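Note that chain A is present in both complexes that follow, paired respectively with chain B and with chain C.
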Partner chain A sequence: MADAVRRAVWDGSIPFKVMLDPSECRIFDKADPYYFQADRVAYLPFYLPRIYKFFEDFLINKAVATVESAWFEVDNAPLRWHWPIGLLYDFYTALDPTKTPPLPPTNHDRLGSPPLAADPEPGAAPVPWTITLRFASYPHDLLTTLTPTSTHDAFINSIKEADFARNGTAKAVMSLSPSDTRELFASLQDHDYDRFWGVTDKLLNHSGITVKNIPIRVYNPETGQVIQGSVPTRQPGTIRGDAQTLGSALNSLVPIIFPSKRSVVLARPVMHGIVLPLSAPLLELMREAMYPDGFLHITLAMMNDDNDNSNSFVRLRASEGDVGAELPLEALVEELEWVML
Partner chain B sequence: MSSPPLFSTSTDPELEPPVIQLPLAQVPAAPPQTPPPAQAASPNEPLGSLIPVPLPEPDSDDDEASAPPITLSASVVLTNIPRDSRVALANAFMPSTAKVTIRLLSIGSAPSLKKKVFTLTASKKFSVVVNFLRKNLGLNGPPPGTSPSNSGNLTTQPNTNGQSLFVYVNSTFAPSLDEEVGNLYKCFKRENELVVNYCLTPAFG
Partner chain C sequence: MSFLPFLTKTTFATAIEHLTRHIDVYSPHLSYEIKYSAFDKQDVYLEITRIISSPAEKSKADEGDDFDVDIEDDENDPEALLPSTSPPKTHKVIYTITLSPIYSVPILHFTITSLPPLPPISVSLTDVYELLVPASRREELRGLGVQGGISQGEHPYTGRIVWFVHPCRTGEVLQVFGEDLRVDGYFGIWIGVYGGVVGLTL
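== the complex of A and B ==
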């Protein structure tokens, strides 16, 4: 099927378990959790009304704890309204999908490591993903205010930003008919694949415009920082104008983490819950696997030195009693290039 | 529950609390003075004492305060990574201290500013620009105290008596308030300036 990847991306979903913040609950033993399955490409505000309805009767004071003051939290981190749910999950769990299939508990018995305490298995996928519904002390410094139109506005503006990044102008979006523009968001809300891609295909194949750049965001789960790039579809500096691959794009955006264009060294790029191959042609990746807002939202899963048996030079070094740590990084990168080529 | 060594970063003499707040970003930066990130841990405290950062001024530290907290699951996973990749990560994502140039242009009935070109630290959020505009255009609605209106604040809605302000890049799109101006500059600059347009009524669809 020609659109198999698009379909798979569109159909991706995550099971959620919502707990009500105990301080909001009038029942001592706390309210029942609310379970739901969320589309990865959707946004949390789509699900808020039904979640609120479920917890409404448990609330101490409905007049104060209104839908407008609601927000979600995971481990003290407020969940952004305007990030797609798939990105939230990949970012806040920082999972390495190559390791997420349920690991045997013996996995961490490597030599010399202390037995792990009651910590949850690192690397095990938290399913369902447990988030907390809160009302008090809205984190205004971290979260945008949720209004009836804010999710729509953020989404449409992201589409414009992506269009501008792709073409150097937002002509493609601007020339959509009003009904098509409405359809972009409405079809996402209704989770209607055909309607959404019917309009989005017009954006990606606008007559007279060839895509020049590919909008991409790389997220560092450890510091929360984001690197955004508009990567040319062809690799600059190559004689034949080689098509950009994910590897060459990451190599140009974050060369220290991706010193090689062909092999992962320090981190794996993750999107839609899977590890992306560095050899993936970037233009096709965008056409087939971008988030509905037009961006490739890629999170980094840092590679552990345990049970990772690919032949990364760094890990070889690290296992030789920290010799690698003393090397200046530049030297290491040079050596890495040798190993890789 | 967890023994401290699990979370130690070994390059860092002081042990951080389990919720890791930008420890890496600080590795290459020089002095490990007691940093402000603790602020982010208590978002319910209105940061009333912090002075909003006007564009032309040197940075304050409220960037750390507005950096999102990191989940425990993320930090646990990452405690295992080899030191090399920690260093790499820290370097690659080091908050840029470089300044970017921003040109603020009014549209329609919005008043223009006397001075239109400013510089701003690249790691600042777009909300700093918006709040600077609100302040300089006298659009700050709620009197100080009723609602937090600091530079790190991501609230655009003027709520009560404030006027609306709509801010765009390249007369095209309104970036999210938590986008970094450095990223916007890198992707959308024109002649080495990030062109920001603002108006009092919605424009550009």
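== the complex of A and C ==
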């Protein structure tokens, strides 16, 4: 199947457990949690109306705790409305897909017996992901104000930025018909793969334009640093104009963390819940596995706890002579399907 | 993209230097600070602060209430020395000028905070237009994009939520200036185009 990677990315989802902040709850004991499955490529505001409806009757004061004042928090960090859900998860859990996820408790139905959830390894995927719904003290300095148009606006801005990165102009986006432009966001809201890619393929294959650069954002969950860049499709300075791989791109964007183009030394690049191979050709990776907003949003799984410096050095030296075989992108599908929950 | 109107980190830093020299001499009403990325000291951006009066206060002052003496004693604010008709200051605007690594042109971000005795509530998009955008430019700016030419987003260096003016057509707009656009006068022209719409003038 030609679009197997795109399909697998589109179908990726994360189980959520939403708790109502106790200070908002009129029942002493606390409200029931709300469970839902969220698409990785979607945004949290898409799910807010149904979450709000579920908790509405538990709220102390509905006049104050309105949908407009709602926000989500995990470990004291407000969850950004304008980041795709998959990125939120990979970033805030500092996800390292090589770590074993804890086994879900199996005896939670029996009264009196505490669940047997083991302490999760740092970086292991928490399932479900527990987040808190809050209303008081909206963190305006960290969260955009949620309005009926704000998520759409942020999404289209990102689409334009990605388009500009690819082509050096935002003409492909500007030349979309108004109905196509609306369709980009509406299809994402409806989670309609065919409609979304029907329009997005027009952007990626705009007539008379060859993609020059690939828009990437790299997120370091340990420092909070976000590095963004527009990476040429061919490696500058190579005699034959070698195609850019993920490894060469990361090496040029964040050389301190990716001193080698071929092997991971200090961090593993993670996207859509899997470790990406450094040998993945970047242009193909963008075409098949970009987020709907046009970016490759890559988080870093730092390796500082599983190897010391001398090890890193050995790894780096070993990598220099390593002629890594190109991994076909299709190999990602199997992994993506494996992590789909 | 190392040709104007597009900037590299180096040409951006040079252009910023020219801008600060210009402000030192000609724009004492603006205070500024050169800032650096927490992760890369070569990576500079400029922060400019302005204290403003809301249009409501301005129109009150225009009505000419002679007894409304401005008792604010701010030595750094030359406007505080103006006659008593100058309206009380209501908001602090912090602008930053950063280089976008994607667009390779500057982006103007800003935050607006209310000053006491106003309550410290956050400003809405409507307030932004009211407080900063000249009446003559509002219509034009509102017509752009999904919700107009001003959006909310994350500041590239602080991660805080800020407002910004859409940069996606900056390249095209500045190209019109052709040979007249040089690194030393880059920000003179750029602020003329992008600053004026949100109240930043040299």
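The rule is simple: the second predicted complex is superposed on the first by the 280 of 341 C-alpha atoms of A that agree within 3 Å, B and C clash if a C-alpha of one lies under 4 Å from a C-alpha of the other, contacts with A are read in each partner's own complex, and residues count from 1 in each chain.
Keep this in mind: a residue touches a chain if its C-beta (ideal position, glycine included) is under 8 Å from a C-beta of that chain, and two chains touch if they have at least 3 such contacts.
Bear in mind the structure is a predicted one, so any value in this text is a computation, not a measurement.
Shared-chain residue A:D194: touches no atom of chain B or chain C. With both structures placed on the common chain, the touch criterion links A:N157 to chain B and to chain C.
By the document's definition of touching, of the two partners only chain C reaches A:T149; chain B does not. Once the two complexes are laid over each other on the shared chain, residue contacts for A:A94 go to chain B alone; chain C is not touched. Within the superposed three-chain model, A:D141 lies in touch with chain B and with chain C [touch as defined at top]. When the shared chain is aligned, chain B and chain C each come close enough to touch A:A165.
Contacts of A:S230 after superposition on the shared chain: both chain B and chain C are touched.
Touch counts on chain A: comparing chain C and chain B, the chain ahead is B.
In the overlay built on the shared chain, the residue A:H82 is in contact with chain B and with chain C.
In the superposition on chain A, the residues of chain A touched by chain B in one structure and by chain C in the other are 80, 82, 140-145, 147, 153-154, 156-157, 160-161, 164-165, 169-170, 215, 223-226, 228-230.
Of all residues in chain A, those touching chain B in their complex are 74-78, 80, 82, 91-96, 114, 117-120, 122-123, 126, 136-137, 139-145, 147, 153-154, 156-158, 160-161, 164-165, 169-170, 173-174, 181, 215, 220-230, 254-257, 266-267, 300-306, 314-315, 317-318, 322, 324-325, 329, 332.
On chain C, the positions that touch chain A within their shared complex are 1, 38-39, 101-103, 122, 124-125, 145-147, 151-154, 156, 159-161, 166, 168-169, 171-172. On the chain B side of its complex with chain A, the touching residues are 1-3, 5-6, 19-20, 22, 24-25, 40-41, 43-44, 47, 65-78, 80-85, 87-89, 91-93, 95, 147-148, 150, 152-157, 169-170, 172-180, 183-184, 186-188, 204-205. Considering their complex, residues 80, 82, 138, 140-145, 147, 149-150, 152-154, 156-157, 160-161, 164-165, 168-170, 215, 223-226, 228-230 of chain A touch chain C.
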